[in-house]
Amino acid sequence: MSNEENTMLGITIAGIKMKTPVMTASGTFGFGLEYKDFVDLNKIGAVVVKGTTLLPRHGNQGRRIAETPAGMLNSIGLENPGVNEFLSGILPHLNAYDVPIIVNISGNTVEEYGELAALLNASGVDGLELNISCPNVKEGGIAFGTNCDSASAVVRQVKKNTDLPVIVKLSPNVTDIVAMAQSVEDAGADAISLINTLLGMSIDIHKWRPVLGNVVGGLSGPAVKPIAVRMVWQVAQSVKVPVIGMGGIVTAEDAVEFMLAGATAVAVGTANFINPCAAQTVAEGIESYIRQRGLSHVRELVGKVNI
Amino acid sequence: MSNEENTMLGITIAGIKMKTPVMTASGTFGFGLEYKDFVDLNKIGAVVVKGTTLLPRHGNQGRRIAETPAGMLNSIGLENPGVNEFLSGILPHLNAYDVPIIVNISGNTVEEYGELAALLNASGVDGLELNISCPNVKEGGIAFGTNCDSASAVVRQVKKNTDLPVIVKLSPNVTDIVAMAQSVEDAGADAISLINTLLGMSIDIHKWRPVLGNVVGGLSGPAVKPIAVRMVWQVAQSVKVPVIGMGGIVTAEDAVEFMLAGATAVAVGTANFINPCAAQTVAEGIESYIRQRGLSHVRELVGKVNI
Amino acid sequence: MPKMVVEARIVRNTEIGVNVKELVLYAPEIAAQAVPGQFLHVRVSDSYHPLLRRPLSISDADRQAGTISTIYRVVGQGTACLAALTSEDSVNCMGPLGNGFALQSQRPLLVGGGMGLAPLLFLAGALCPHPIEILMGGRTREEMFWADMFHGKCDAIHITTDDGTLGSCGVTLDVLPEVLKNGAFDLIYTCGPRIMMEGVAKVAKKHNIPCQVSLEDYMACGIGGCLSCTCAGKNGTRKKVCSDGPVFWAQEVMA
Amino acid sequence: MPKMVVEARIVRNTEIGVNVKELVLYAPEIAAQAVPGQFLHVRVSDSYHPLLRRPLSISDADRQAGTISTIYRVVGQGTACLAALTSEDSVNCMGPLGNGFALQSQRPLLVGGGMGLAPLLFLAGALCPHPIEILMGGRTREEMFWADMFHGKCDAIHITTDDGTLGSCGVTLDVLPEVLKNGAFDLIYTCGPRIMMEGVAKVAKKHNIPCQVSLEDYMACGIGGCLSCTCAGKNGTRKKVCSDGPVFWAQEVMA
């Protein structure tokens, strides 16, 4: 990427400098390295790694994904090798690339979030994303993301334990997304990302059983895009911190829609499964779009929807 | 339809006898008569008419629908000729058919709901469906559907003013659908229908404007089906009154999925736009399914998902 | 006139202009009923993406052959799906929908712009053998394959293009006054961009000539059931473009 | 071995059995790399419905011609989309994915059931000129077009069908002990229904013959990034079927 291009797409979110505003959504891009044959990791805005927990997790039993119209359900259940293995076994490989690494973390208790944050307050990590909204783990998980007070408690605890920028990822499974966003902002969030998946279910009508081993799972993909755009638009108007938009982004046009709604950056999730180069093609498409519109920088799109 | 067939699909919900468990979702089937060239109205479970208000409404300005991946947004804004015109100009024509008529009503205040219920406590009307969840009107609408107390107040007021069965239609735009369902059941609901549309938004990236004149609109269609199935499953386990399931049903297989999740009856909405005969083809398909499984009645499906 | 939904075999789906195709369907029941101004509501794909049908005006109906035609421009995903179909495919098709043009004119003037010329083609055929004049507008010469299609059906064809590459340079409204001066028309039929139709209706009113317009709007059901497409009629009435129209008397829906 | 994603032209997509088709793609970069046991991850439609790719084993790779093949059964929406494509189309295709079979065997036995025979076909070609025996099972004679495909590649072909319409009546596991008695195999490769592979692995263990199994699971990414497809490995390890497999030594993933 030439310098000039850098200038058109380069952004800074909560102090994290990114070459493009296109990140990868946690859980859909492994630890980044899995995609290196398809994407130049040096050209991605930021790699947000798979949700990481204090101890290793095996995740949920049984079938973990189901296709739905223009979407998919997943119930991975936060399978991951645990924070220590991440730090010693994975992070060094990732740090061979010139790309910001954001670690998505999940805890069962407020204290666990704090512990994770402390452990990850390490060189080579550029930011934390708090997953307070995973619908796939029974012991809490989603509860933090649907209650303003517990969400704030998590954020405060994390902020106490880290110097890194803290992004809080919101659940869409709430009545009032704006109240959630304002609570975590008040508690010290440096940025807000949304949306995580919507809680859904599929039933196998031949077997009379849930399709997923975990019964319910999280809905993602193009199907959810209108809900995500609406929430990003509502939140972006109501908070001062930058918003990272995601939910169904597959094309550059989708990304532009989120940015017009108020997102400073975006993330591609399910799209990585459709097009393993998505993070790069979306960024390239945004740049063409900007050029065609005669703009000079991607920030000129942010929040520019005319109501 | 032969008698035997009647017996396989016939159900009673809150005292309303239906020949099939397939109703039409409010707002997607006009007042029924619009579809008479395509569907034999005598063979539909029940016609749920377009949302009706005390006074005529012109609805929202500007573009009212947008297509989204496997779904659509609408912001009709409850355009309707008002309850008086419905009673005098439309209902008599509908009553020429042998099909239960359920009137979907919306008010701006608790009192308006009561007044509507009193006016519709008329012969030729078989039930009321309370739309406490329309995301498309500014003056309240959705507020009733996202707060347990105001929802209960609406239900109690309506029950005071009518002898008809009262179905309460829930909004999916809530953190806790079960709490909403239990509140309206406690307040006297005779049945619960769900889901109404999810609040969404689309932005035109050429014009930098919302696609819909009303900025936001309600998402419906196959895209939302996994969310609807999950909510029906959660609610059916938590209330004693029958549940009417809807949200993305296009085929008989979709309908069976909702019934296994716990719906006693279902409604087809957006599907009517794809296939104007949907209400009939879905019912026929359910019957074939039942026969193939060697069952004798559709009720043998209800809530039978094996967890 | 009962409406119906049929699985219609594609007879042909051929390019007739740049990004413009003519689709001919075998649908004898619809062909037997269709009148000019009515439209089809076509399921362009079996998948849920795109989800909704696409409304397309009927540009011809051949009762003998049992076929109906429509002429469409490929503008987005739906019309692109349609363009990919071949004579081995069939499409699910509702029709004939809406109300057609009033056919009592003895001395009609047709004013059409862009794809609005499609229903006027069917209309011109139906108004024969009365002498017909048509005023048609397009962006550039390339779009004016229409002229060939109206030859033989019309006594006079007036053409405008935005860039002057065919006929007069300008838009139909520039030429309309002169056309009206030279002919004693008893009805003006217009279909095309909203702004053009509004202009035509205004001029028609000034000249005291009855005028029919054919409106477009985003449609879900196509049959009056969803209220996606309503517009304001006179005296505070509401009109559904799909089932009260798409053809209206200008004064019903325009100031 | 770098993985890649290519837009592959369809050379042919022909029916070779009841509801079974062979798809041949021109993808020289993938053909140059592919080894038996690897798979393709195919985007069956440009629309979002179906949304995800479909994993299909590579059944052949012709480096000279630059083509790769896959044999698939039409079971649902995705494979139906694929079946509708013709040599005028292309498909977006990731490959070659996963790890292939160990090729060191001098005296291999292949045991396959149903569509699990597809990767074994490629394997049989690669193991030549060693003497190969294959034991294949299917429901009924109709499904056993496979036998023709393995002719010339194998020295002995043992067949079972559930209904006895071809070969022995029963399942592969019924015949396996006898086959093992008559040959001194140094490696058993198996691909097919889970229950069959588990049975084969057990028998192999009893006979002290190394065994490779090729697992299947529902896959989103196909490259180890989503954890849709993980299973339990020995000693509490986790294995991703897509990137640690799909081929495993039996004792890695089975009791």
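All chains are identified by letter, namely A, B, C and D, in their written order; residue positions are counted from 1 within each chain.
We take it that contacts are C-beta pairs under 8 Å (C-beta built on N, C-alpha and C of every residue); 3 or more make two chains touch, one makes a residue touch a chain.
None of the values given here were measured: they were computed from a predicted structure.
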> Quick one: which chains contact chain B and chain D both?
Replying inline: A, C
> Which chain pair has the highest count of C-beta pairs that touch?
Replying inline: A-B
> What's the chain with its C-alpha centre farthest out from chain B?
Replying inline: D
> Measuring from the mean C-alpha position of chain A to the mean C-alpha position of chain C, what distance in angstrom results?
Replying inline: 47
>> Just the number, please: Cα centre separation of chain B and chain C in whole Å.
In response: 35
>> Please tell me the distance, in whole Å, between the geometric centres of chain C and chain D computed from their C-alpha atoms.
In response: 55
>> If a residue has to touch 2 or more other chains to count, which residues of chain A qualify?
In response: 69-71, 221-223
>> Show the residues in chain C shared as contacts by 2 or more other chains, in ascending order.
In response: 48-49
> What pattern do the touching chains form: line, ring, star, complete or other?
Replying inline: complete
> Where on chain D does chain C make contact in their complex?
Replying inline: 45, 47-49
>> Touching residues of chain B toward chain D in the complex: what are they?
In response: 69-70, 222
>> Please output the residues of chain D touching chain A within their complex, sorted ascending.
In response: 2-5, 43, 48-53, 92, 94, 218-230, 232, 238, 243
> Hey, which residues of chain A end up touching chain D in the complex?
Replying inline: 27-30, 34-35, 37-38, 50, 58-59, 63-67, 69-72, 74, 76, 79, 221-223, 250, 270, 272-277
> Any idea which chain B residues touch chain A in the complex?
Replying inline: 68-71, 73, 146, 173-176, 198-203, 205, 207-210, 215-216, 219, 221-227, 229-230, 233, 248, 253, 256-257, 260-261, 289, 304-307
